[in-house]
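Sharing a structure, written as structure tokens. Questions coming.
Per-chain numbering from 1; labels A, B and C assigned in written order.
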Amino acid sequence: MKSVPEKTANTKKEDRKTSIMQTALKLFSTEGFYTTTMPAIAQKLGMSVGNFYNYFSSKDQLAKELMLYISTVLGDKLREINMTDVSVKEKITMIVHMYFSIARERPELIEYFLRVFLSNREIFTKECTGMVCVSGFVTELMLFFDDGVQRGELKNQDFFSALGLFMGYLGGMVFLNGEEVLPHPLSEYETAIAENIYNALRKQ
Amino acid sequence: MKPRLKLLWLQGVTCNGNTHSFLNYPHLSYILETFEFLYHPLLPSTYTLEEISTCAHECDILVFEGAYDPRMERVGTSLERVVHHYGNHARYIIAAGSCASFGGMFKHSDPEHITGLGFDEKEPKGPFVKNSKLINLSGCPIHPEWMGYTLRMIADNKPISIDELHRPKELYSYLAHHGCTRNEYFEWKVDSDHFGTKEGCLFYKQGCRGPMTHASCNKILWNDVSSKTRAGSPCFGCTEPDFPRTNMFETKTNMSIPQDVPVGISKRSYLTMAGIAKSFHIPRLEKRLIDDNT
Amino acid sequence: MITRKWIERIEGEASVQFTFEHNKVSFATIAFPHFRGMEAILHARPAMDALVITPRVCGICGHSHLFAAVRAIESVYANSGFPLEISPKAEALRELTLSLELIQNHFKWLYLVIYPELSHLVQCPIADSFRLKGAYAASLATKVLAIFAGQWPHSSYMIPGGVTCDPTYVDTVRAMGLLDELIRWFEKELTGISLEEYLHLSSTKALSRLSGDMGDLDKMLRAANMHKQGFSYDRYCVLGEHGFSKPSKNINKRTTKVNAKQVTLENPYTVDEKTYAKNALYQNNPFETGPLARAIINGIPLIKHLHRSFRDSTYSRIMARSYEIALLLNHCKILLQSIRLDEPSFIEPHKKITSLSGEGVGIVEAPRGPLMHKVTLNKGIIDHYALITPTQWNLASGSPQTPGPAQKAMIGADSIEIATFTFRAFDVCSVCTTH
């Protein structure tokens, strides 16, 4: 049996970075972005503040990397769905399910996007303009829409009209769920929502 | 003096655009010194078309302009018969222009019967299908320098390497995009708001096929001076088998996403790169190049 | 006795059947056997595609088709209550490049068709290299054209609302340099006198004294008696409006207004032969179109003088076309100087073409005469497209009672060779005729 090679210093640093981000995400989404300080995150992780700054030189940089991280996580999931050989209608069901599962299992990812990224644009103007930090996810959505139109299942319309309808709807439901307004668990809404989205986007 | 190579220029279903484009070739005296035109629609020729149509002669090089319709007659003789006779004896068969190469514009006159010499759009079909003598010089019209290159290579006994569509690689490995003066606008995704400006890229809205079209139009300029994109017109992809497409002044998009992306680049890579590039506002690229003339 | 002859090298071929009586041509029919169905190819396509497709009607005058197509679409806009604004710059560029196409065409016709045929007639052979002069001059003209239009043949740079190009003064200066070179070449090779002096000539005697190729042309045409034959109706029609032409007709030396609505088509007359060309008529009468018509209607002094002595003979026809080269070179020079680059190249139409419905007509003067495009759009899609080309006027094949202009001009010729030369003097475009 071959011995498993020891992790390199770089991988170790990356792993540590990921665990910092997960902790930071939780704090930001529960305590709020401005009230959570860098030392507070370090403390939660049991790290010295000095060491913490070796990983992220500023709070803005951390904020940006978090968005990139979320976009990649969501983008990877969406990519898997895009590569599946099923109808556009089924893909919509899969995307809704994927999004709500993440909202349930890792609510901090969605919370961060909704409550931090979209609500505090001033933090992100410098390095996260336009698509820079959400490219992983948005690119996959573009590919999904493009494929849907090429297959003749979706109506050809402006990208943002479709994007807003799709993601605004999902984000809104997660928001309502977070506010505990919904009488039922999110999963129970999946079928109806997928159908609504499909009906709204499909070619008449 | 070496005997001149016998060149025969025949026409099928055509507009004569390739004949006229070739007349712009700056070295026509070399051509006349090196080749004996058995027949050409305008240049001095040994025979009339009627004499050629008796099939009593042979040529080294057959140049064919226009789409091929086996039912067509010219000066009362079956085109099929004449083309087969001269093509079978020739050492090289040159399809001059997109009609002769792939059917092109005039394939649309009668899509069922009309083809190019060896291709029906991109499917192998026609009187010289899979014939190794066939060289396709697609383009609507042919670029005179491309024809000049091919003839001179033949005259000098040099090999011409061709791609899977029988086009010389040295001419068609380039894209019309290469050398376009709007390249920087493409890189940074700055589109041309409307026609009539030297700024902006025509790929996003105006239908430009430059990054999807194999042609050296922006390397070997037209009439020695310009090209479509330099004059603010989109490339219509006239060297490709699917020319003419429909709605040629508009980019085909699906939910604002271009349906076709540059040759050989996955759409995922393209969209990732494009999305990021589009995020930056670069004032130098967003304003007029020269302020005085606006 | 009926003799059939294929006339080649006229942008395709025509079949002419000559009837001889007393060793002279007494009648001739003209058939154009090739047909491509351009109008059908255009059907159901978006309107803008006409700007790519119609130039492909013809390899030698595709730019004229482009101009006619753009005028036709702009006329649909105007007829729907949304007239487009075209900047003077865009108008000047369109007219400049059109004029350059005419120049290119005339040079080729002169050196690649007229000189070789004429030298054969008068048995005075010319060298192959002499013919290349036509290609050289034509390529210089199209080089200037391509600076603005991107390429020739088959540019699509004119669009409803203007032109696609946005030239700088670097481009216009370069164009002026090339145009000057072409003018100097013209002076040296064709006239032996300056363009300005040539444009001021007013007598046929002065033409005979020219030293260049124009002098030889004059001598050869006279030697072949071309000033005494090839007479047609002496009735002219111009329909395209440009700086170098005004829409009018001329009958019995009187120039009067025209209305393009009076243009009609009639079925051709041939015997046991298929032709795809319909005859174009004005108020049901044949009219001659092209450079001679433009010169007569414009009252160009030299051509008027020539016409007084030799009417609409083959000599007059050929001289008028050759002289038009000089007129157009001068016109181009003035246009180039006049262009103001601070004006917009393109003014976006307020109405989207995809919501445009209605009919429109675009008319330009092509090398051989008026070119008409008629289009019907339904929400920006081409419902119907019709072309009427200059050769349909000049080379109409009418009945013995109303022969077309070229048919009439051939009557009385001593031989097929003479008749064929008379035919070619009209500058025939086979591909345009049948389209």
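As a convention for this text, a contact is a pair of C-beta atoms (placed from the backbone, for glycine too) under 8 Å apart; a residue touches a chain by one contact, two chains touch by 3 or more.
Remember, it's a predicted structure, so these values are computed and weren't measured experimentally.
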Contact graph of the chains (line, ring, star, complete, other): line
Taking mean C-alpha coords per chain and comparing to the overall C-alpha mean, nearest is chain B
Maximum distance between Cα centroids and chain B occurs for chain A
Chain centres from averaged Cα atoms put chain A and chain B apart, in whole Å, by 47
When centres are defined as mean Cα positions, the distance from chain A to chain C in whole Å is 66
In whole angstrom, the CA-centroid distance of chain B from chain C equals 27
In their shared complex, chain C is touched by residues of chain B numbered 11, 13-21, 23-26, 28-29, 32, 41-44, 48-50, 72-76, 105-106, 108-110, 140-141, 194-198, 217, 222-233, 236, 238, 244, 246-250, 290, 292-294
Residue set of chain C touching chain B in the complex reads 6, 8-9, 11-13, 15, 33-34, 36-37, 40-41, 45-46, 48-49, 51-53, 56-60, 62, 90, 108, 112, 116, 128-129, 131-132, 135-136, 138-139, 142-143, 145-157, 159, 161-166, 168-169, 174, 341-342, 344-346, 348, 431
Interface with chain A, chain B side, in the complex: residues 253-257, 259, 267-268, 271-272, 275-276, 278-281
Chain A residues touching chain B in their complex are 79, 129-132, 135-136, 138-140, 142-143, 145-146, 148-150, 154, 156-160, 162
